[in-house]
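Note that chain A is present in both complexes that follow, paired respectively with chain B and with chain C.
So, the complex of A and B:
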């Protein structure tokens, strides 16, 4: 009696099983591939930033290029989205929330980056900076792509210029350099954390997609 | 005063003319114009042009639209294609624009049958652009930071018009400026691309007749990269003589792309590349140890890389770098042989020992010296004699007896295995039988019949037989299980070689069996010189010398003697090649004979110089047989005459 019931249930489950993945095969592949590419891009950006930061800080000159330079975070530096949120708090967020935070942060970081001194240093430094900006632009688009392939809505609101142009421009040269320093530092931390986020997301994706679809 | 008004009138007239010129828009006021101006037409389509005459022109001598003649270049367009729309407008229609050429002119046949040109237009005929196909792109790494992408496509058929191509590319929400090809119409290079974001690429072709777009190509540039080859390749020899360690620097960071490699190597001077199995170098690395190499050999290495997962293109092969493996001890001892000279005295021999230098792949290094040990087996008491030489031969004076000679080659690493040659007191063991030769494929093959006992190896000696030089012995070893071999060495055609085969046993040696051979025979270079030894009345004894070896060019199979008189037929006689004398008989007496000889090998014959002789008039003793009786008869007659005279006087 019992064994027959179990047998029938198993048969039913097995018969239905092929149907389920078929529904989401391409979606799954798309999302998985998207996340992998975003992860690769984050690592690529980290790699670029390593050399770029060193060269740019050298251009800024001392004390910014000293290895133990650790200034207190001034109030004006709060404009740059900070990545130093409690890690437990961060992990406690949903995937959607984390992706959205990444999207918003990088969009703003990109704007600030574009506003960096266009005449900075050597032609090579400018070339690297330009390449990095384009890569970061690509990252913003990639994150948007991942969010849409997972079915999350894109964060509303302007991803564009956060503050009207001309607003708190650094009053003096030193503080401007401090702004640049904090921008690069925050970029480093964001990229480091994003890499971990995407790595974790990569492993999570297949069941997450299936459950989403069923709920819908 | 009058002149002033004159000037004013002229000025006004000129002004009016200038104004009217400006209005009419040209230096010469045209009588009409054509619509459309400068059209661009699609090939094969139909086209209609209108020639509209100006009203003002019609006043000049009765010009009407039906007098209009259309011309293409200088050819008149057939009247069937004309249509008179009204008094001032004429149209011409072409059903196939491929027959059109530039310019198309509207002309009028004015009074007096003079053809006058009214207007002309340039007509351009072409095709709209075809959809570009076969769009493909590749990202070339130019430096550590620069990755231009080059795309190529098939521009389609020739349009006969100025067609512009633009390579367009974009991200999902971001457009980039178009890439405009320089000087070509089928490729364009984008100076820098980003990785890990899908790029949509397509080509747009446009000309005056239309636009066409290729199918878009969606790709992530990281999947079409041709990286720069690794550089700063260094080759280091290690402790082992069969291993070389390669190190290099990759020019593409691991954060961008993980690489896999192909390593190839060859021996310096060879053109054959050997590949390291790709499975062994299929992961990111900056060094590799190549094993299985030959000691003391110079190798050339080269390496290339591509994306680890096989997506993309292989880089070019890197610059070559050479390295030498370290020496190893020789793998084999040198083959040994001897020439024994017993000519001075039978009890004491002069033994010329000779051995062959090892091939580089056996020597494994530079051979510094050879250690020769001669042990007398016949007298156990005397200690072995050691000699150290750096040549490949050694001459010793030994007493008659059995000796064991060992040769060991030494290089800087160590000693080779010993090579042993037994020199027995006498060659008493069984020899080979039936030594024969066969020229084959430009080489001389020697064969023999194996003796019944177990042979260790064979030694084959050969030397070039010549009158002008000594017979220098060359030799080679052959394993004991063969019955024939090719002679290794430079065997010249048309030369006689003396080949000897010796079987070597574990405890002795068989006597050598010799045979003479030619790789290739030819007719002799000279003919035998024939002379007479003795000439008689009806016979002559001819004599000659055998040809020297150098003149023979082959084995002399026969001689032929040809003799003839001045006006007679030539007679031929064949003679055995071992003879040096022959008697011609049944000759006519007192006749001049010319005789010559030909020597024959398997490949032909050569004639010697002619020799003439005259046979005797009288045979042996004939003269005496005639003279003596004649003298005796004369004497008898004289005596009889004297007797008769005496008798006569007495009476």
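So, the complex of A and C:
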């Protein structure tokens, strides 16, 4: 209905943002340091997500906030890009393919997260979601920066409307919550995967930055 | 023919002498020893409130002919309590293993059955030959959002029990401790110790899945550890060791991004280089000092050497002095 049209429009508008050429500063840093920054960003986001997910799942209520909650994957959840991959396939990815997969995934995840923003319960929750979306947007831009500095083209266009026009919005409240649950799960898994992706990229593009922290 | 029967601790057991009538005259033996008639009810043997010591071979002989009519092996035991199950990936991303044990013994044979379910797929956990209560699984996919559900069922003749573990791929990642930890003094540096180690050999791909390390060290005579976290490399130089003191050093490892820290490595001992006269071994000197100063902080031998003026150069004097001052300050603190 109307809400679906608005949703689609919003996504199309928001999803065009990552393609903006705000890349001057990252190009100067060089690929090595850009990769390090991107890696650091994924770690930061992963940490932020832990708190955010906890709060959001509590808002959804049981069973979504139960630690053992282990629902089967429904077909509709396939819209959210999955980080799951065959081990040998993952190892064999070219740098370009690796970066592109990350870029595409986060662009779409960002889109879905922003849709979440408008409907979340408390002002506190909406504020947190908003902050996280900004950071996630930063990650997408950072990945774009790395691709650009390595001479790779950005994957064609934004994700577009996340579902074909005929696909139904969640028909009931419970399924809508399931969608939210899987979105957060996939996002968390992608952040774990990205840390490994960028680790691999770090080794290939010198120089690696060594960090040493002394703790009493 | 021989039988075997399992009974629960505290149960009352009635043994029949095979096909003999109740009023037949029989003699029962337990492990070859005659059993007193007071335990008999006719030709039945009654054992009340059995305990573990009553396990053994029970035989029944016909009264006059002394023919063996019936024989059974009694095993007294317990049904299994809820087993303890642990799953861990020390070889990420290759796979993980699960190991289990019973919290209390059952005293009779037990069999274990393990099932691993990932989403809709049932996976096969290959049993290890050694140790026995362990099996391993290879990951088919990486970065999975679906949890693994492992159920262990233990069964024996007296009952069964089970336990279940549900976890995410990342949650169980815990490497083995670093290997070949070596600590050496640095020549002409009385406050330094050079520590090096290797990735645990069970970690299959440190290139793509790098480990970070946590090093802890303290002189034997103090209880408080010092810590250093290292995100790169497999060596580190300690630069603030107390001159002449024997140190204990350990290292732990963790995947850079996921999972938990390994257990601490085997501890290594080392003493920083000291400028000692050649006829006394450094070890003996240090052992003497260490045993003498267990209760209080005594001025270490190096300050005496500094006072005597037997130094190599001005740099060494400065180090000696600084070491002396630092140690004196700590000595005051600890009094």
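One rule holds in what follows: the second predicted complex is superposed on the first by the 167 of 216 C-alpha atoms of A that agree within 3 Å, B and C clash if a C-alpha of one lies under 4 Å from a C-alpha of the other, contacts with A are read in each partner's own complex, and residues count from 1 in each chain.
Throughout what follows, contacts are C-beta pairs under 8 Å (C-beta built on N, C-alpha and C of every residue); 3 or more make two chains touch, one makes a residue touch a chain.
This is a predicted model, so every value here is computed, not measured.
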Quick check on the superposed pair: does A:141 touch chain B, chain C, both, or neither? Answer first, second, both or neither. first
First (chain B), second (chain C), both or neither: which does A:189 touch? second
Taking the superposition as given, does A:203 touch the first partner, chain B, the second, chain C, both, or neither? second
Which of the two, chain B or chain C, is in touch with more residues of chain A? C
In the superposed arrangement, does A:43 touch chain B (first), chain C (second), both or neither? both
For A:99, select first, second, both or neither according to whether it touches chain B, chain C, the two together, or no partner. neither
Scan A:35 for contacts with chain B and chain C and give back first, second, both or neither. neither
For chain A, which residues lie in the overlap of the chain B contacts and the chain C contacts? 43, 46
Can you tell me which positions in chain C touch chain A when the two form their complex? 93, 119-120, 139-147, 149, 166, 170, 207-210, 226-233, 256-258
Interfacial residue positions of chain A with respect to chain C in the complex: 43, 46, 68, 70, 72-73, 82-87, 90-91, 182, 185-186, 188-190, 192-193, 195-196, 199-200, 203, 208, 210-216
For the complex, give me every residue of chain B touching chain A. 145, 171-174, 192, 194-198, 220, 222, 253, 255-256
Chain B-touching residues of chain A, taken from the complex the two chains share: 37-38, 40-41, 43-44, 46-47, 124, 127-128, 131, 134-135, 137-138, 141-142, 144-145
